[in-house]
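In this document, chain identifiers A, B and C correspond to the written order of the chains, with residue numbering beginning at 1 in each.
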Amino acid sequence: MARGDNLLKVEHLTMRFGGLVAVDNLSWQAREGDITALIGPNGAGKTTVFNCITGFYKPTEGRIALRHGDAAVWDELESLTERGKRHITTAGGSLFQLERMPDFLVTQQARVARTFQNIRLFAGMTLLENLLVAQHNSLMLASGYTLLGVLGFPSYRAAERAAVDVAREWLDRVGLLDRADDPAGDLPYGAQRRLEIARAMCTDPVLLCLDEPAAGLNPRESAELNELLLSIRDKYGLSILLIEHDMSVVMEISDHVIVLDYGVKISDGTPEEIRNDPKVIAAYLGVADEEVEKVEAEVGL
Amino acid sequence: MEVFIQQLINGITLGSIYGLIAIGYTMVFGIIGMVNFAHGDVFMVSAFVALIAFLFVTAWLGIASITVALLIVLIVAMLFTSLVNWVIERLAYRPLRGSFRLAPLISAIGMSIFLSNFVQVTQGPRNKAIPPIVRGEIILMDHNNYAVALSYKQLIIWGVTAVLLAAFWYLVAKTRLGRAQRACEQDQKMAALVGVNVDRTISMTFVIAAALAAVAGTMYLMYYGVVSFSDGFVPGVKAFTAAVLGGIGSLPGAVIGGLLIGLIETFWSAYFTIDYKDVAAFSVLAITLIFLPQGLFGRPDVEKV
Amino acid sequence: MDKPASSTGVDFVHAAKEACVTAAITFAVLLPLIGFETVSNIDNKLVLHMRWGLLFSIVAIVGVGRLLMALVIAPWLAQRRMRPVAPATSSWLSAVGRWFGPFAVGFAIVYPILVLSTSGFSGALKWVDNFGIQILIYVMLGWGLNIVVGLAGLLDLGYVAFYAVGAYSYALLAKEFGFSFWILLPLAGILSSFWGILLGFPVLRLRGDYLAIVTLAFGEIIRLVLVNFVDLTNGYAGISSIPRPSFFGIPFNADDNGFAAVFGLPFTPVYRTIFLYYLILALCFLTAFVTVRLRRLPVGRAWEALREDEIACRSLGINTTNTKLTAFSIGAMFGGFAGSFFAARQGFISPESFTFLESATVLSIVVLGGMGSQIGVAVAAIFFIGGTEIMRDLDFLKQIFGSSFDPTQYRMLLFGFGMVIIMVFRPRGLVSTRSPSIFLKERKTISSDLVNEGHG
């Protein structure tokens, strides 16, 4: 798994809701081991892109492909598309066509995990239970699809202990270990955000999609979040997709930034390049294309 | 052909009754998102009120004119049933507003059981039959010894339903109350903030729903001439089916759904087997919900992530 | 507070006014249905009788009650609320909670012996059958439905359909093929859960209330088919002389090879009843045991997660359709067990036993118990079923209200009223806290404010 090869390809993605075009013919790629940020003004279509990637929305048009293993497997993409299958596996790796998969399979098989803009925890369950639910599929297998578990086979008990250890490790990493037995709904906002990330990590993903993880955090929490994300990237070699409004987070930790406006990609590059792109500035200041030059002059570019 | 037209007439009559009840389901669902399970029994109560009012008016007051008697019965039934539903809302549903989501539904089921048993206890378990109030019919066609008849009863039902629907439409489309209702449907908090009295609007919704159910109840009594304490459940479910079929939350949908259910039921009984006519109604309900949950006129329900 | 005299004076006027208004509304509401009675006269024509006495007594009771409420009870409640809550009560309650389960199990096991020793053979029959077995059937149904409604958060208003499938499966197969109860019990469970999957598959993607209504429709369809498919089910007349379960091959009859003779005891029907009691008790234990196990397995946690947030579940790779189906079919299976037991116990079944009211009863037991709580459901079953059974033989009420008073008539009236009252005062049920399925250091109960009741 060489860092730097493409992990995810989004091609000609279009999503329409009735007359509204939320995402319009959007193409971009995310490299393995990168933190890729998706930014743009409110209503630009960022969350919609996430929903398409994670299978919650079926895109009107377009292709979303994800690779596991060897980069050479990209050569199979056209044949995968033609055969109309969901995924293809070769000796070196596999390729998934995400827009063809139902949401739960995107996580289960393609191993893409996500968090939500408006936090979705299991509020009435404890932190530990939240993290165990995230390991559902592996535990389900260990419990012999419930049958062996009901009969009390020891193999399940061992698997459960291992799952608890994973959960404990993640709780420790996000600093919530001492609250393991409290209901998730009791946590303060910032802690809920961290718990949601820990829960997503417990599904053992290759790609982590975070929808505005820093929203509502104070500066200290925000800095802690940066560290957490960097450590996830570096320790686990995980790739991260990030939607974020907080520019300090975006500029500090992302390797690659894509800017959307009205569902269209207006810029794509390193944080440095984005910072200096007049189109991005214009989009954020909310002016029409013709006025870009005027604005540039005003902001002194 | 003659059978067909006759069934069409019967079906529209039955459908008018279902439509009137269905509006109650659809309005209450629209405004507080609750399936008012007791609405069928409110309809049954209204038929009993109409029965008692009829006996009172004819036997005690000795009013001989059928038109006057019917008019009084209709108004009395509408008034009392509205009051009953207003009280029910105050006691059984309002305290549960904002409580956990199943609570109003369970409360409504309890209220439904309570109402039917209340009527059974106070009025007895037997069918209550009255002699036909309105006789006579218009023969529309007479062919091969099969006469297609439109009875005066049916004409009255069509007429009363049409007039009351028009009044009702005016009420929700043109008045302040209707506006308040639509505001509460969209967003209760916001409506309260801009000065709509949400509690009163919801109460009025129940009152209107009951008044229309009472019209249906009076027509039912006049049409069939018999009513019993257990007559709430099945018409209630059928009217609910109508509301779902039309698209729950949509008022014209409820009326059209009611007509469709009435037609389906009469044609099913006429051309297939009468034994399974309720199965047909329940199947329509299940099939609609599974394949067309937004109904014919409802807005589709998008899942926002 | 500083002007007590005048404030009570104003309060009294206000309270009296409210009482009058309440009485007036009560009068208007009750006027048609209580003020008048429709009775058939000699010519079989309906005439009206007045019941002013009854009407005015009720209105007076309501008015006085409202007055007392405003003057006495409300201030008393307000005062009580002012007082700080003693923390001791909660620990006392949790101690009761901890010991209640084992105590209840012990009591259930010795109950028939207790009854037998206190009221003898003839009296025991009623107490074991009407109270013991009847309540346990509903405990079992409640626990079965609890999986669907309480754990998975799917509102099922047609649960009685699976009870019916179990009962008819047993009745028909036992009569046609002479299979024994012990073969048919699991078979009935499997058939019911198969129906659960069949019915569940198309409807489980529907949202809350719609799911409830579709399940109601299915429940009614199954009942109407039982009514109308006369060739198979004998319609309203029902199926009678269904083979009764035997004591592992030894029948309960007065023959030489019957239970009493084999064990050298005098013959009485009580043995069969006691055997049936322990049979349903064992089935209840099985249900409870399996449910407790399931809650700690990934499926069980997925059910509860589903109740909390379905979209989050899908984002974690959980196949929500399958998860719902397992809840539906396992719940249906227990309903099927209970159904086949019911058929075996009664020896006669007809569609009358499987009406919507039955579904509503079981559902209200689950909701009153507190969704998800086994102990709560059991207590609610005792309360509801025991209560309505007691209503059956309150003969002393006849002495108070006259011989025409029939207490059984008021059973369902009070039942419906009870449902409303419970929802108004305790919408989360008796046991409203949730106990986590696993813990690292200590098990803390979770307050109901946080627990989601599911999308339906």
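One rule holds in what follows: a residue touches a chain if its C-beta (ideal position, glycine included) is under 8 Å from a C-beta of that chain, and two chains touch if they have at least 3 such contacts.
Everything quoted here is computed from the prediction, not taken from an experiment.
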{"item": "Interface with more contacting C-beta pairs, comparing A-C to B-C", "value": "B-C"}
{"item": "Farthest chain relative to chain C (centres taken as mean CA coordinates)", "value": "A"}
{"item": "Length of the line joining the C-alpha centres of chain A and chain B, rounded to whole Å", "value": "50"}
{"item": "Interchain centroid distance [CA atoms averaged], chain A/chain C, Å", "value": "46"}
{"item": "Euclidean distance of C-alpha centroids - chain B vs chain C, Å", "value": "30"}
{"item": "Where chain A touches two or more other chains at once, by residue number", "value": "56, 116"}
{"item": "Overlap residues in chain C, where contacts from two or more other chains coincide", "value": "311"}
{"item": "For chain B, residues that touch 2 or more chains besides their own", "value": "305"}
{"item": "In the complex with chain C, residue positions of chain B that touch it", "value": "33-35, 45, 48-49, 51-53, 55-56, 59-60, 80, 83-84, 87, 91-92, 95-96, 99-107, 109-115, 117-124, 126, 128-131, 233, 237, 240, 244, 275-276, 278-279, 282-283, 285-286, 289-290, 293, 301, 303, 305"}
{"item": "Residue ranges of chain C touching chain A (in the complex, touch as defined)", "value": "290, 293-294, 297-299, 301-302, 304-305, 308-309, 311-320, 326, 434, 436-444, 446-447, 450-452"}
{"item": "Residues of chain C defined as touching chain B within the complex", "value": "25, 28-29, 31-34, 36-40, 45-48, 155, 202-203, 206-210, 212-214, 216-218, 220-221, 224-225, 228, 311, 356-357, 360, 363-364, 367, 371, 409-410, 412-413, 415-420, 423-424, 427-428, 453, 456"}
{"item": "Residues of chain A defined as touching chain C within the complex", "value": "54, 56, 103-108, 113-114, 116, 120-126, 128-129, 132-137, 139-140, 143, 146, 149-150, 152, 156, 160, 164, 168, 180-183, 185-186, 199-200, 203"}
